[in-house]
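Below are two complexes that have chain A in common, paired first with chain B and then with chain C.
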Partner chain A sequence: MSYLEFLGNYSDRLIDGSLITLLQFVLAALVAVAAAIISGLIKLAQLKPLQAVATVYIEIFRGTSLLVQLYWFFFVLPLLGVSLEKFVAGFLAVGLCYGAYGAELVRGAIQSVPRGQWEAALALNMSPAQRMWRIILPQALVIMLPPWGNLMVEILKGTALVALISVPDLMFEARQINNNTYLSAQAFGTALVIYYIFARFVVTPLMRWLERVMARRIGRA
Partner chain B sequence: MNDDTGRYPLKLEGDNIPMVSFRNVTKKYGDLTVLDRLDLDVAPGEMVTIIGPSGSGKTTVLRSLMTLETIDGGVIYVDGEPLTHMEKGGKLVRANQRHLRRMRAKIGMCFQHFNLFPHMTALENCMEGPVQVLGLPKDEARERALELLGMVGMSEKSDQHPSRLSGGQQQRVAIARALAMRPSVMLFDEVTSALDPEMIGEVTNVIRSLVDQHSLTMLMVTHQMGFAREISDRVCFFYGGSIEEQGAPATIFETPEKERTQQFLSAVLQAN
Partner chain C sequence: MFEWRWEFTFEILPRLIGATGKTLLAAGGGYAVALVLGLIFALAQRTPWRVLTVATREVVEFVRSTPLLLQVFFVYYVGPQFGLNLSPWTAGLAAIGLHYAAYLSEVYRGGIESVPKGQWEAAKALNMSTLKTYRRIVIPQALPTAWAGLGNYLVGIFKDTPMLSVIGVGELMHTANAVGAEHYRYLEPYTIVGLIFLAISLPTAWLVRQMEISLRRRLGLTK
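Presenting the complex of A and B:
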């Protein structure tokens, strides 16, 4: 079978898988951003009990393997009475895992906003919440966007693991095609190229564009 | 804090209530006493300049008044009301956040390094406080901000971000931003120290025009002795966290009584 014939036979499944991968990526990215901001802020606030929760979250998700976390979400949680759809378990596990890394980016970026900005905001009598949301976070965002760009690519690649709990993403389809046809080079080669295109020509340019927009808003460009 | 607040009045009363009053204020960093039982009154509309050697506590006076630092002893009053403390059951207790927010509204501050918000234009910097804190409608806040930017000679640059402005321009915007909150007391901490020499004049001119209006009470820390002498109603020479000598500018600069004042001034004049 020529490669063109291969594509003719299996492009539908590969496209379906790619769309699922993109969807998993977008949802996982949203979960990661939310988890990172919430746990990053909690770690900075002087709220002792909440701080402990955030620390435990960050330690567990950074210190253990994503695959094991995924299996926990899909196979173990139901035993504890929490059943998740495999699709939901997929992006939730991936998002929470990378959110734990993102939390450190959020915390570091907020801490690197100069003290004088807090003080100027306080001198204007802004409330603690106003100081954070209107003055500090917008500046922290510009600082942390470049490392977030890398993390986004990691999240995309991380979503390939959801195939192992049978979410029909790109990796899952490639494996199925391989199991049925033994055309490993074509199946996994095509998947490889598609992941690369997503990372290199979708996610990265999008993040660069965001960086430029934010830099312009802060008057740096 | 020593629990000796019983000997301070709950409120200042009488005819000539100072706008700012430090009563026996002590501030420590660990073992280092930075303000040492400081007493300082500033009358409404008065311009008081603080001079003194590095580390003598000048900045700490302003930061304590802005509530950027907490004090370890004594009480600060603003407009007759305690700032660092509040009344509770007939006694003065340490101020809570709510009290601090209410009292802070009377005070504005300009910093050595301007501290403009880099993600906002000059105009937005000046509108932020009035809109977010005072709850002014946007067009009213814009009008107020533009008027003040005009006063500091920055109308033309109102749409620029701070990164596009020179140091002198940034400091003038910072002054407008503080004034937009309509404070009763303005604090200036070495606002010309980070500027190139040719930009100092544009900032001192703005402060001079504020002095001429006689409505603001001002406390200024500066190393510019000529400017201090020209515009101050009173000059306080700080040494070791308290006032070593104070008086009219002419007296302090021409016939200082204390030896430390004489030494400091001759050292500063030699350096210039």
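Presenting the complex of A and C:
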């Protein structure tokens, strides 16, 4: 079978798989951003019990493997009474795992906003919430966006693991096609190229664009 | 509701601890491959031949942008198609080594680029060969910068070894799957695996941080 024939026969499945991968990526990224902001802010706040919860979350998810977390979510949580659809377990595990890495980025960025900005907001009689939302977070966002670009690529790559709990994403379809045809180079090679295109020509340019837009909005372009 | 069973825990614990040794072996072996291959990638990008530089850059980008899991499958299954049969261990170490070589080459590059240009010029003025300049002047100064990255990726490669279970490398995750399937109990094996990972990666990460601090102090980079 020539490569063109291969593509003709299996492009439908590869496209379906790619769409699931994109969906998993978007949902996992949203979970990661939410988890990172919440736990990052909690770590900075002076609330001891909550701080301990955030620390435990970050250390557990950063200290173990994504695959272990995924299996735990999918096979163990139901035993404890929480049943998750495999699709949900997939993006939730990936999102929470990388959210723990993102939390450190959020914390570091907020801490690197110059001291004078905090003092100026205080001098203008802003409430703590106003100060955070209007002064500190927009500047922190510009600082942390470049490392988030790398993290987004890691999240995209992380979603490949959901194939192991049978979510029919690109990785899963490539494996199925390989099992049916034994055309490993074609099946896995095509999937590698698709992941590469997503990472290099979709996710990375999108994050760069976001960096520019945000920098312009706070007048640093 | 499922309950934690201690007698079952103690029954399977020796097997899981035995498999931890194999996980460490996989991480160590993969890291050794990555250290050498990463250095080759980094140095290839510093040669004067543009074709080699650009090609290496693209390979590194490609490997970094695609999932390790897919690379593991690719290396394991594509070989036999062309008459090259790799054992799970060989394929696994090659795949994880290649993946992390791409990351480590960036760490090396960052370290080498952090050495001021004047150091190179001084070495040249002293009539040192390129090899000697790297060995005596550049690498000792690049090391503290590179140390944090090298250490973090050591922890990273350790945490990624469970992916080798998919091609049958008998490491920790593979053993936990087998135990779970034999006894129809997944709560204990997967939880223990998680705890073993925590018990190894947290102290290692801490140690890497401490060594970075002391390395910087010894070389007079911080007070």
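Criterion: the second predicted complex is superposed on the first by the 221 of 221 C-alpha atoms of A that agree within 3 Å, B and C clash if a C-alpha of one lies under 4 Å from a C-alpha of the other, contacts with A are read in each partner's own complex, and residues count from 1 in each chain.
Here, a contact is a pair of C-beta atoms (placed from the backbone, for glycine too) under 8 Å apart; a residue touches a chain by one contact, two chains touch by 3 or more.
Owing to the predicted nature of the structure, the values given are computational and were not obtained by experimental measurement.
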{"item": "Which of chain B and chain C A:67 touches, first, second, both or neither", "value": "second"}
{"item": "Touched partner set for A:84, first chain B, second chain C, both or neither", "value": "neither"}
{"item": "Which of chain B and chain C A:116 touches, first, second, both or neither", "value": "first"}
{"item": "Chain B versus chain C, judged by how many residues of chain A each one touches", "value": "C"}
{"item": "Partner chain(s) touched by A:189 [first = chain B, second = chain C, both, neither]", "value": "second"}
{"item": "Touching partner for A:125 - first (chain B), second (chain C), both, neither", "value": "first"}
{"item": "Chain C residues within the chain A interface of the complex", "value": "1-2, 61-62, 64-71, 73-74, 77-78, 80-82, 159-163, 165-166, 173, 180, 186-187, 190-191, 193-194, 197-198, 201-202, 205"}
{"item": "Chain A contact footprint on chain B (complex, rising order)", "value": "66-68, 101, 104-105, 107-109, 111, 113, 115-119, 121, 128-129, 132-133, 160-164, 174, 177-178, 181"}
{"item": "Chain A residues within the chain B interface of the complex", "value": "114, 116-117, 119-127, 130, 134-135, 138-139, 142, 217-220"}
{"item": "List of chain A residues in touch with chain C within their complex", "value": "59-60, 63-69, 71-72, 75-76, 79-81, 153, 157-161, 163-164, 171, 174-175, 178, 182-185, 188-189, 191-192, 195-196, 199-200"}
